[in-house]
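Chain nomenclature is as follows: A, B, C, D, E and F, assigned in order of appearance, with residue numbering initiated at 1 for each chain independently.
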Amino acid sequence: MKVVTFGEIMLRLAPKGYERFFQNYAFNASFGGGEANVAVSLSNYGIKSAFVTKLPKHEIGQAAVAELKKFGVCTKQILLDDHRMGIYYLEKGASQRPSKVIYDRAHSSIANAQLNEFDWESIFEGVDWFHFTGITPALGSNVAQVCLEALKNAKKHKITVSCDLNYRKNLWSTDTAKQVMVPLMEYVDVLIANEEDAAKVFGITSKGTEVESGVLNPNGYKDVARQLVSKFGFKKVFITLRESINANHNNWSAMAFSDDHAYFSKKYELNIVDRVGGGDSFAAGAIFGVLNGYTDQETVDFAVAASTLKHSIEGDFNRVSLKEVNQLVQGDETGRVQR
Amino acid sequence: MKVVTFGEIMLRLAPKGYERFFQNYAFNASFGGGEANVAVSLSNYGIKSAFVTKLPKHEIGQAAVAELKKFGVCTKQILLDDHRMGIYYLEKGASQRPSKVIYDRAHSSIANAQLNEFDWESIFEGVDWFHFTGITPALGSNVAQVCLEALKNAKKHKITVSCDLNYRKNLWSTDTAKQVMVPLMEYVDVLIANEEDAAKVFGITSKGTEVESGVLNPNGYKDVARQLVSKFGFKKVFITLRESINANHNNWSAMAFSDDHAYFSKKYELNIVDRVGGGDSFAAGAIFGVLNGYTDQETVDFAVAASTLKHSIEGDFNRVSLKEVNQLVQGDETGRVQR
Amino acid sequence: MKVVTFGEIMLRLAPKGYERFFQNYAFNASFGGGEANVAVSLSNYGIKSAFVTKLPKHEIGQAAVAELKKFGVCTKQILLDDHRMGIYYLEKGASQRPSKVIYDRAHSSIANAQLNEFDWESIFEGVDWFHFTGITPALGSNVAQVCLEALKNAKKHKITVSCDLNYRKNLWSTDTAKQVMVPLMEYVDVLIANEEDAAKVFGITSKGTEVESGVLNPNGYKDVARQLVSKFGFKKVFITLRESINANHNNWSAMAFSDDHAYFSKKYELNIVDRVGGGDSFAAGAIFGVLNGYTDQETVDFAVAASTLKHSIEGDFNRVSLKEVNQLVQGDETGRVQR
Amino acid sequence: MKVVTFGEIMLRLAPKGYERFFQNYAFNASFGGGEANVAVSLSNYGIKSAFVTKLPKHEIGQAAVAELKKFGVCTKQILLDDHRMGIYYLEKGASQRPSKVIYDRAHSSIANAQLNEFDWESIFEGVDWFHFTGITPALGSNVAQVCLEALKNAKKHKITVSCDLNYRKNLWSTDTAKQVMVPLMEYVDVLIANEEDAAKVFGITSKGTEVESGVLNPNGYKDVARQLVSKFGFKKVFITLRESINANHNNWSAMAFSDDHAYFSKKYELNIVDRVGGGDSFAAGAIFGVLNGYTDQETVDFAVAASTLKHSIEGDFNRVSLKEVNQLVQGDETGRVQR
Amino acid sequence: MKVVTFGEIMLRLAPKGYERFFQNYAFNASFGGGEANVAVSLSNYGIKSAFVTKLPKHEIGQAAVAELKKFGVCTKQILLDDHRMGIYYLEKGASQRPSKVIYDRAHSSIANAQLNEFDWESIFEGVDWFHFTGITPALGSNVAQVCLEALKNAKKHKITVSCDLNYRKNLWSTDTAKQVMVPLMEYVDVLIANEEDAAKVFGITSKGTEVESGVLNPNGYKDVARQLVSKFGFKKVFITLRESINANHNNWSAMAFSDDHAYFSKKYELNIVDRVGGGDSFAAGAIFGVLNGYTDQETVDFAVAASTLKHSIEGDFNRVSLKEVNQLVQGDETGRVQR
Amino acid sequence: MKVVTFGEIMLRLAPKGYERFFQNYAFNASFGGGEANVAVSLSNYGIKSAFVTKLPKHEIGQAAVAELKKFGVCTKQILLDDHRMGIYYLEKGASQRPSKVIYDRAHSSIANAQLNEFDWESIFEGVDWFHFTGITPALGSNVAQVCLEALKNAKKHKITVSCDLNYRKNLWSTDTAKQVMVPLMEYVDVLIANEEDAAKVFGITSKGTEVESGVLNPNGYKDVARQLVSKFGFKKVFITLRESINANHNNWSAMAFSDDHAYFSKKYELNIVDRVGGGDSFAAGAIFGVLNGYTDQETVDFAVAASTLKHSIEGDFNRVSLKEVNQLVQGDETGRVQR
């Protein structure tokens, strides 16, 4: 089985621990981005995964490529140019103080991607699954066109397509998002969204799904999923359900929706180490489950367990093995020392 | 609007994370002290603030001055000499293990301050508010005299005066504290205290205000405030109310008392990053509210929200903006990532 | 009073914070091992303690010796050779992700210990107590023989002997453990075990003592202790009771059993900094209590308070003073700053 | 006396020590840029200096402003917008391996500066000296126009103008540089250049001034300076002379040229800690000398001593006091401990 | 072109900077070993390289594999078992204090390698070059047998074979070394040695080749090479020539010997950052030159330039590109900043 | 053999690498002081050594005691009180920039030492050698009196006494130094001084011994030693001879003077890692040589080799073994890796 993901990988610069920006003269530096995070997770589970993007030729761009190789992700289809590397600055929140992300991703190499640059024929050879997120088309209308090109080509190759909506208000308005995303949806088989995305991108809501109310309403999200399926014909919809108590404590669960049935996962209480990449680790888990023929219940359980573990790990990437996810799926959440 | 604070700024030396003293051969080094912390907070909220003290001429003393400048605090009235810089060693506690402070502040430059050294006429020109804490007069009888000199001069300039009682048992006995502090109180308009100070310094208590009992009694503190007002004629009294569950978890709220009414803030559950400077961040919030004509309820809400955020930040200084405090005041304590 | 402990001290290599192995190119390096940890604790409480082992002559072995000296532990009876130093790699878990220990301790100097190498006559001169754990005989049949030699000698010197069962499944099977440990038990006066050990090593269980059920059953453990005493004739049995909520949160208490009575300690809710060495810190506390003639209730209270503090401290060693343990025993678990 | 400098300040990201990019997952982070470096140096010598630029509003931009404040540089005329902060990645070379700089400065806030945005009337009030480098006009034709606007305004205010040529081949070609820089030269009183700039920007060379030959020819540089003065009418020309033995060892000296006389400084052998900002520290020294009425010999001696010290200091900024420079000028280069 | 190397990769644990072992409680952790270092260098130059070894299955072993992948080295033929990872502790010397290496490599997975475990047929498919060092057969007679098996198989595949003598006195005596190495030499085409190896392993010396005399004698080494060729029939011999002035300063050059002619490289003066892996980086350079049909002079110049750069880089691996080596070969050793 | 030293041990706070004070918000923290450094060196060579001082009871004072224990120094005679710990801030110089020391040692526990506090009878039991430096009597007239008390007692016990003059201009004037030191000299057998001390403390100079001239004159120092012996009757005089080229490079040698003969050591060229404690490491070497009956030439060679190594080691303490010093004495200064 082989999966391809397409999008941006950024340099992530974060002060250490809970320090505020420039409280010390240093940044922890790593790499991350929605689709790259998914490729890394899948490779960690033993799936052949490839990540497609454009990066600058210089040493920092090459370091991103090397990092993906370290995790076994295929990087052969990454294009190189002389533009820049997208960056995001991340300050980790604590207690009532929220985490903060500053994006410096405009003018990046991938944001300069053009139609016909990527050899989708070659990229999709022998591939079973293609994944992208709503961030990629948001990088610019040129990148949105490249997405469409990829999707058409994927369908030609009979590849299953998943999309994680991932609405980012600093990249585009809800209006533009809707206009760009709706036409892409016809190529999507599996939709993944968090508790806010459907409302923001498609205006689809239901009673009790206003996130600010603090309490999440399962039935409401079932209804949201039903509307999504009815409107776009998705085979499956996954919705992650985050209850934010404070920056350190969240409750985390999800719903799979398929054949008009909703499957809810167990809910985990999280002591958060790093919540960035939490949604991506869920998406990778969901893809893994569906690819491997898991039932919908098994899939949502696996995906939530995988992303539960991600919240305990520094960095965008979900550095866990299949064995570790399965241990949690099987119910051991006591965190007892493994000797 | 311009605020002046007067007191000591110390070098703060702390092992990293939860390590015990000298568990590694390094200290994180920063600066802090009750009145300096207030000056920094106010400058962060856009108020012109100046800090008055004495420091050694050498590079470490100059680094303290530079640090204050970094936060926009006016340092022009800081005197320099050849004495030493006060130091405090801080070990951060966790769970049932308390944090530990070792003071090495005797013989400092500010502890050698003398009458007539400071040009209060010039310092108080155009100033609206003067703030000091009970630590400053505790540095020595000479410094207590300088405080009195400052207070008299402040009143001459019709400046509002606030005092945070901040009793420190290692600096003086409750008897000496009472003897020195009582005469200073006649110049004070706004008194700030924590749940223990009034009892320690003035012997004023009420039923249910014994801290050790674990449960705080709101009515008791109302009564304490009423006694304080009645005895010293303060315009306003603020009392912070800390419930210590363990070194990582506290509940935090406060009461404003004015015109014989008590106003209680919301209570926050804190996951503590660093609690040193928590009281100072409250004082700064209270000063900010009163200076800006907030109602008493608004003031205590603002001050508690500001100090709630402080507990999530490393170091003495409350590195938050007005906007961040207001976001919490408006009710978002979920800590969701801000992108 | 003087205590001797005998066993292995290892190099402990751990990534910083909650990072996974090799997430950064660095390890925090310290030393630890069941019996060494006990010797350090006792020295911290003012008891003369000596640690007996074999270590390589090279600089890393010498650094282990120097570290013990730093804590005042007598190292004069440590033998040196040219084998290797045992190592364990530790990754700290968080939330639902468990901590992980990789042992690289085979072929160490102590695992090459031989009969008649140690001068037990000299080692036990003036000694009141001898302590070892189930890990030492598990290092090899040669080391088990050395243990037996030590135990016989200890009894000859009328020394009280304690043993912490400490079953390690990666060192030996439950069958071998039973075969080796049973004959050693006749020399043991005080047995210490955690909630799993008795079942693993001796097959002794009782209703409600299956750890996986999550809820611990006090009466069950009383019964386990009674069976242990009845079978091996121990004077006292201590059982620690850990409830693992997740990797960050545990509940911690213990039971002393003596003269057919069970004494239960207070139960503490732990916010864990580092739980490795938790059992050893309890053992040291229990030894301290018995050595000093504490009642059984006092002893178990002291030992649980001591080990509660250990969970707030990085590293194997329990870096707390007698005064600090006593403060917690006396009931202050609020973690308020000590100035 | 008051000096204004105008240009870009960038975020500087450098691996620690001599590590290659991403050899570890961290960057040391600081700020620097030709004109900002000059402003900091002058403030360190007690001159009032102001730095004019545009920066993004976000926290990283604000941290740059705060850092300048820390050094006492006036930041009131810095404009804020929503573009990005220029970045440069720096890898420190050693022995035969050269240092490497990767610029990521395109699309920055200052590169988006427009005519009439800066209030030069207000900026130049009471100002004695204006300094810029050849990097600023290289940021874009719009910025070159802003430079011209500033220069005209400076002349109107009878302000002395200095320019450090600072040719950067990655920003523009020698042809474009010449075309843009020549018209600006008529406003320049004091020209500062390194041993390559005059050739690269103006095509002015002389025998023995080919840098690659390894040996620098004093008479050749005298001739270059004479040609510069003759062509552009500068009052003074300063040329720094760097002999690069390897990345750790350089020889460093300079020449002042004025009234048709050349003044050569002492030559220092440098053990380099960080050579970035070396030229800027020289420029600041030259400005300081001329501003204070030093003779040309005194000026070049001061400027070379100042920049010699810079090479021993990490970061772009020359963190030395006037007293420290003067000690070196007076001949003590033994580096004996000062207690 | 494809190269295979076979040997051990170890965990390298080094205190930071020039600190002595355990001067702080931390180690920098990386990976290295003669043959792995060569594989990494060649991959950095664009050659397909594969590294063959055995490693433990656990996370530390897997981290070594991931690190090799990061550099593009093929790891598919690495076998996994449950033994341990070899370790070496490295303390960096300075001035008159030598660097110190403590090996803890006994009982490693590779030291447990057995005949017929490796599938040499598959490993050598399409391979042009096989490289090993004298360290591999020194790991044990079993590993020496595996070497012989590999060499025979390599010859069957008409693969060029290189061997770097790399005598390690702590692994075997000169007698054993000779006994084991001589029979392997008949399969070797290209021999690489440092200024001591030929004497230690084969007893081949010549006048002026006693290293302790401090001055190296070129003619002597020519004679040594002639004897080696005459005795073993090597096609080419390379000898590196290190003059150690102190731990920070060495002179570095080398000689190629082929067809009875000696070719001497330029000599570089090194300011050393890390000299471990210096010989391996030379070997990789020599292999690269011969593989690419460079003349002997070109090859030795390339190999010395490559290894000169290695001395400026932390860690065993030579993190330089082909372009960087070529820049030095072409003569630029000034270390000027590259912007 | 047993040696006692008496003086101050301070907390040493130093920024990392070559950073200036507060360039980052951290200090490396260690301990050091002239006499403590000597005690550590001697313990490292296998001599029983004890250090006598007063320290504060708090955790930082206790950490100093623990650190001495780690090196095997006897700490039983250290007195504890509630004063403070002396501190020195150290900034490491580079190239032409000198290292800088800021002392914050006034009011320390040892500076508050009183006559009759120390039990010299017990301290000197079984002791062969007593060592102090000129820093100790400079701490205050009370401490000078304690020194005299110690010296008289030492003589009563027929203990050899050495004194390292160690003049510190920030502690006292040359006049006071002379007045206090002269009467102490009658108890001193072995005097140790650097190239400046004799002139500063006793006004004894000779032609060519003005340090500033850069070139040291051996005959001059011989004459200085002869004058010292003649005036005070010392049995032996040692003078260290430092030629400071810059902060990174020094030449280092010494002279022993005894029975009217001068013995000069080899001169070493130092690449300096940390020069603080260099003189103390020499003193310890000289004491070691004399104690062990080395000839004067052997003693000065040993002492200079020992202190040469110290310059390659971070921190005040000379972390070298007897074996390491002897290797250098025997002539290997090439710094070749020891495997």
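Keep this in mind: a residue touches a chain if its C-beta (ideal position, glycine included) is under 8 Å from a C-beta of that chain, and two chains touch if they have at least 3 such contacts.
Because the structure is predicted, anything quoted here is derived from the model rather than measured.
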| item | value |
| --- | --- |
| Chain E and chain D - chains in contact with each | A, B, C, F |
| Copies chain B and chain F touch via same or different residues, half shared test | same |
| Selected interface, C-F versus C-D, where C-beta contact pairs are more numerous | C-F |
| Distance-maximising chain from chain B - centres being C-alpha averages | E |
| Whole-Å gap separating chain A and chain E, where each centre is the average of the chain's CA atoms | 43 |
| Multi-partner residues of chain D (at least 2 other chains) | 17, 20, 23, 25-26, 66-67, 100 |
| Arrangement of touching chains [line / ring / star / complete / other] | complete |
| Contact set on chain D toward chain C in their complex | 23-26 |
| Residues of chain B that touch chain F when the two form their complex | 13, 20-22, 25-30, 58-60, 63, 66-67, 84-85, 87, 89, 91, 100, 102, 104, 106-107 |
| For the chain A and chain C complex, residues of the former touching the latter | 17, 268-273, 308-309, 311-315, 319-320, 324, 328, 332-339 |
| Partner chain F, residues of chain C touching it in the complex | 66-67, 69-72 |
| Residues on chain D engaged by chain E in the complex (per definition of touch) | 17-20, 23, 93-101, 103, 168-170, 214, 244-249, 275-276 |
